[in-house]
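Two complexes come next, and they have one chain in common, subunit A, joined by subunit B in the first and subunit C in the second.
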Partner chain A sequence: MSVTFSEIRDKVRAAEPLTLEDGVALFQHRNLMELGALANEVRERLHGDRTYFNRNLHINATNVCEASCRFCSFARLQPGDKGAYTMTLEEAWGRLRARVDAEDPITEIHIVNGLHPGLPFAYYTDLLAGLKKIQPSIHLKAFTAVEIFYFSQKFGMSIEAVLQALRAAGLDSLPGGGAEIFAARVRKKICDDKSDADQWLEVHRVAHRLGMRSNCTMLYGHIETVEERVDHMLRLRSLQEETGGFQTFIPLAFHPENNALMKLPAPTGVEDLRTYAVARLLLHNIPHIKAYWIMLGVKTAQTALWFGADDLDGTVQEERIYHMAGADTPQVMHPTEIVRIIQNAGRTPVERDTLYNVVAEGDALLPQKPFRRDVRRRTLEVVS
Partner chain B sequence: MSDNKIRLSAVSFLNARPITYGLERDLGGTPFDLSFDLPSRCAERLVTGDADLGLIPVGAYAASDVDLRIVPGIAIASHGPVRTVLLVSAAPWDELEEIALDGASRSSALLLRLLCHERGLRPRFREVPHEDVLNAAGGKTGALVIGDAGFEAGEKFPYVVDLGAAWHDLTGLPFVYAVWAGRPGAVDAEATARLQASLEDGLAARLTIARAWGEAHGGPPALYEAYLTRNIRYRLGAEELSGMAAFFERAHAAGLLPRPVRPRLYEVAAAPTAQTAARGPRSIDALLSDAAAGARLSPEDALRVYAEAPVLELGAAADQRRRALHPDDTVTYIIDRNVNYTNVCVTRCKFCNFYRPPTNKTEGYVLSREELARKFQETVDLGGVQILLQGGLNPNLPIGWYEELFRWMKANFPLAIHGLSPEEIRYIAEIENMSIRAVIERLVASGLDSIPGGGAEILDDEIRHAISPLKCTTDTWLEVMRQAHALGLRTTATMVFGFGEEPRHIVSHLERLRALQDQTAGFTAFICWPFQAEGTRLKLRDDTTAMRYLRIFALSRLYLDNFPSLQVSWPTMGPEVGQVGLRFGGNDFGSAMIEENVVSQAGAIFKLSAEDIERYIRAAGFAPRRRNMRYERLATA
Partner chain C sequence: MSLDPRVTAALPVDAGQSLADLDLFALGRQAAAARDQRLGRRGSFVRARQLAADGTWRGPRDAAESYVDETDLDAAGGLEGARRTGVNALVAARISPAAHAAADAGLRVIVRVPFKLGESDAERLQRLAELDAAPFAIWGALPSPGGEPYGLDTLRLFALCRLSLPRVAHLLSDVGALGPRLAQMAFGFGADELFAPIVAERALRLGANAHNPSLTRKEAATLIRGAGLVPAERLGGGALEEVTA
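Now for the complex of A and B:
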């Protein structure tokens, strides 16, 4: 290999951008602990021990989808298919009302749907407007770039016009889904009939230009090569150079159950940690790396907090997409539990909103003592 | 001959020099008489009673008609190439029709016969006098060359097999060539300490020994020094004991030894280990880098490391230590089955979901022979090599029940019995009113192969009393293991944390294990996991966060410097974190468990096949190998 780890380390410490070759070398570097330590250096340089989470609700309003992505276990192609569902607006709004009635102080709703061929544009604008009406302060992070592009095609509007209309109805930011792997070779095989890399990036470019923030993702661990992963991250990095609009990068591990790629094994823990570490090192200009616990599993996500990640996502209620692909994680995690996991990892929990404003930290966060103090009990309480 | 002195019979070959070096320089103040003999003669003198202790070849130990014990801590061994035990030939090994053996060396001949047997080769063996061996090699006849002759012979023949390396390739274990052995009671703690001190002197003087040998016998001292420092290893630790046990068992199975033999050590307190001299407080970085290089952590230092070391640095130090101990980047696993023969138990531990008290007649069970036979046969069919047999403390099962079960198992299934944790053994002793040793002896006689290290939880009575007041004390648990080791059994050790213990309890647990291992070298591996709380009567939340597990695991790798293997616990932590544990000091992925009943009743739900396990191991950058309970590597099916 022409580039050595210590050369890369020097570059990282000098805050020089890494190259494609560097990224590939990092994926191939055998010493996981050394790689993790370097990613951790960058993570601590940016955030210290601070580790973010939020309180959020997921709404997947429909799983009817025109696209036929081979990695997806969620979509049902036709409205009448077994398992297909489309929420009425009342049902979708009801999800938020239930949280409000329960006095659950959520700050964000994350909305991602299938590409439903029959819903009118008004369904989406009404959905957003209705949610805002119930809770005006809620942040609506909704519709992946793939959905936005689909709307622009289907309703004959420019991307900008789609975004403007949704914004007027209450849209605040875009989630990062649908990016998968940008390389055309891979997209042709796993998601041939949805927006391509340039279209995905263009949606985010326009959103950033309009002053919106967004996230970005990468679906890894299926048929892509290491070079294609690095290429994917570098394309995100160069758009970020241009716009500065990405907040968070979220590597998503492929889950093989109930989809057309079932014979592939899921990536393992070491590969997950390696991907997080490389992402932290390559994406120097994207502030946050999120260990999405729903997908990684709570334990691996916690470990990833030492391999470059600084965010655990949120309390995530009612997640459907990953659970239909076999994720056996719980569908909701209580904030107390998230705080405990972060503290137990030796990190400092910070509750944030979608835009990374601090909602609560320190003593204000929760009446929760650090774990170490928690175990100093002499006699054990026992149910008898 | 002095009446009170211990008569030692040693050999004067180069590779034995470091062992006797200190004794030769300072015999006056020691309780020893030292004489030098040929290796075969050393063993004869032991048998005839002309010597109390002999530095004897392992073959002689195995063949001895008198009961012998081994002095702990000292051996002539190799981890891979030995350079002085070679099969040389003009044709490839597999094509040899005949092999000439050096009549003077029965142990090496036994090793060669065994290695041929394992390869499915059946050459004729012919004993020739020592000086004629080299001349015998040619054509389809190979020769087993022993000793200095090997240094040159290796270059003269197109085909050379180093038997130390061949053994290591086969089993992944060291080979032990010779040990100090004698009749029971021949040495006490002081004499043992003297012998160990003599070796320490000799190890420090290897360069001097090499030079002196060069002057006396010709040849380059650098070659001799390299031989004494790189090829020959002088410690008799847990891995070497495993190597010996594996050799005896394989040789017995191949019909080369008439009866089963186990390496049994003198039961003497360990020599005081060289403690690191008192120094001022050291930085965590210094502690970690010393421990990674193999220095022993004190309990105080371990507490500081636990509290203060950044997790990645702690993990990296453990990873470095693991690499030093297992340099070939192989990770092992076993295919076995957990069979819980009864769930009836009198102990009522608060953390257990599995047991039913003897009064519960509807849900209590003892597995029938039919059920057991089905489980065992399935295990064999799936490539399993062992049954992990554990159960509750059932007052209705006398020792005879176990003896019959073991004999029946051994007669019907090719499976090792890794069975009965210390608590079960103690309980059998209690209800039978027998000593612990007598119970183990009878169980071994009926087929018990090894003892699992379960039931240790936290080896600190403060914690034990809180969570399992009826269970054995720390001392009893360790005593059962001590007795088992003394009888030549190998065992594992475990720790379950998350019972509200403090770090000092964890370190105390590790310290007790390390101290016993210093004396017996009988533990093969250490396994720890967090307590699984769901549904148990302990009102604690699961302490299953990955970071605490990885910290404790990495600390354990550094602290337990005399334990060869650390096993990750994927059944409780999940395969992802289990796999990450391989980079925090683990070198074993545990078991492709066909069945597990206890932790799965408390919320652990993971299941993996052998194929999955190998995939996880490979993805972590290691080569997977199957093993048996001794951590001896097995040929892949």
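Now for the complex of A and C:
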């Protein structure tokens, strides 16, 4: 006999980890309000009304990529292909200089790129070192596990050696991209020429062992089954049990424009909310669930703040990956607008840094503070 | 501001209580239950065409419904002129003499419920009370945001519409104004019909077409089914035909 919702609710309230069967049952539960209310219970138990955002800048330094993921609208296979680009280091650094000149108090740069076959390792270390030179206090959250694994293969280095070298150049933490769906069946069909699930998890395991924090993601709403979504989340939960290094889980809604899967429908709003709610309930040991407004759209992201999410990401600026996949959200959102969205949701906005240290809250949130040039880089404690 | 007692009686809230204090999920559940009690667990859509101000039609020739927006009514030759061309429904901006006349003439009248950010709860409830007290039959209410709407604000408004408009049977979710994601979520908060152009083939939403709100019959049914309701197509004469998977 399949598990009932009330049995799952009892387990959630007793803080018992949910099983694969429980997760599938939650995805199949018809009453979205009931599901949302339970996820919200957990969200409020963890964070109350507090809802986080940060001030960040995205840099996608190149879209040239050896991998041919069928869901991707961003990548170009060769440097000379139409739409292909690679920033010079000066161009990439210039993105930060422009923010500094504008006295925009960003605290984080998020860097994700294609797997460029022609760039030397020094491009990446110089990129980080140059950004740190411009703004020593800036937190560099850079390179997905797929990129790190690619560097280790391409440059003949161990994962640890890659991470150590990038860290020495200024890397602070890893973003969560590239996870897609872990199930081998799905990866074979949508992304069979990049790191597999075990390799993705190993990169994060090593990063956590070195004392770095990271995020994790799941690309949903394409060809995966509900069972494969739950399996994906449980594998993340398992690594988190081992290392405790994940900060945030970010469900990423598939966008079907300009890619090889464009015949598939996009996930619907109800599916988005259901996925967020199930994630909050399954991933009891990952502190935060992020509603990435760039990908979900502002309206859905705000609604997700009542279905398990407690973070809206940040001001972003210059996001390219999802806009090339048809995202019709703006490329930047002013902190005032983020605060308004959170307050309109009946939540309490908290500006955070990448590691969830509070930057500002309450009356200190707005107006903007001047750019902080004197903040020292934080050293993380080693976990596990 | 004192509220119509019928409004507060219909809501799980005292007149002085802020909507922000309400449990979103309880409000959604009550609104959905009110819809189910009245109409069953069905969500509908209709293949409609619109008479534009320049006299042209937008939508399929064999549409089940032909409507005109009140703002285009004069250009269309007034109510009589529009009726002669086959119009059988009016989308009105407010409770107006034209809407009243259309209802008296047997047209299906849909009235927009304007809303925007920053309005007080009392303002909205009062607006809904006035709508429910209209001296003619309103077939449906169509929440219409002024500017880009927020998600939760919109969903709460849908629930309030369902709970405080006992005389208005239908609550329409506008795909063009809300986007397909939020329009679908509104079914969890009391909506029962999608308001969108229904087309034969899906258009690629690229470039100038990026915000095309049209849906295919299959997409409309998928959105409704995904919201947990049984999709049904409203045919000429108001009959409903369930859409099977």
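The working rule: the second predicted complex is superposed on the first by the 365 of 384 C-alpha atoms of A that agree within 3 Å, B and C clash if a C-alpha of one lies under 4 Å from a C-alpha of the other, contacts with A are read in each partner's own complex, and residues count from 1 in each chain.
Convention: a contact is a pair of C-beta atoms (placed from the backbone, for glycine too) under 8 Å apart; a residue touches a chain by one contact, two chains touch by 3 or more.
Everything numeric here is computed off the predicted structure, so don't read it as measured data.
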item: Contacts of A:S137 with subunit B and subunit C, given as first, second, both or neither; value: neither
item: First, second, both or neither for A:N357, with subunit B first and subunit C second; value: neither
item: Which superposed partner A:K299 touches (first subunit B, second subunit C, both, neither); value: both
item: Contacts of A:S2 with subunit B and subunit C, given as first, second, both or neither; value: neither
item: Which superposed partner A:M33 touches (first subunit B, second subunit C, both, neither); value: both
item: First, second, both or neither for A:G346, with subunit B first and subunit C second; value: both
item: Subunit B versus subunit C as contact partner of A:L273, first or second or both or neither; value: both
item: Shared contact residues on subunit A - subunit B and subunit C; value: 30, 32-34, 36-37, 40, 265, 268-273, 296-300, 302-303, 305-306, 328, 341, 344-346
item: Residue ranges of subunit C in contact with subunit A within the complex; value: 20, 23-25, 28-29, 32, 117, 148-155, 178-185, 187-188, 204-206, 210-211, 219, 222-223, 226-228
item: Subunit A partner contacts - residues on subunit B that touch it in the complex; value: 310-313, 315-316, 319, 350, 466-467, 499-502, 537-540, 544-548, 550, 573-580, 582-583, 605, 612, 615-616, 619-621
item: Residue ranges of subunit A in contact with subunit B within the complex; value: 30, 32-34, 36-37, 40, 265, 267-273, 296-300, 302-303, 305-306, 328, 340-341, 344-346, 371, 375-377, 379-384
item: Complex contact set, residues of subunit A against subunit C; value: 30-34, 36-37, 40, 257-258, 262, 265, 268-273, 296-303, 305-306, 326, 328, 341, 344-346
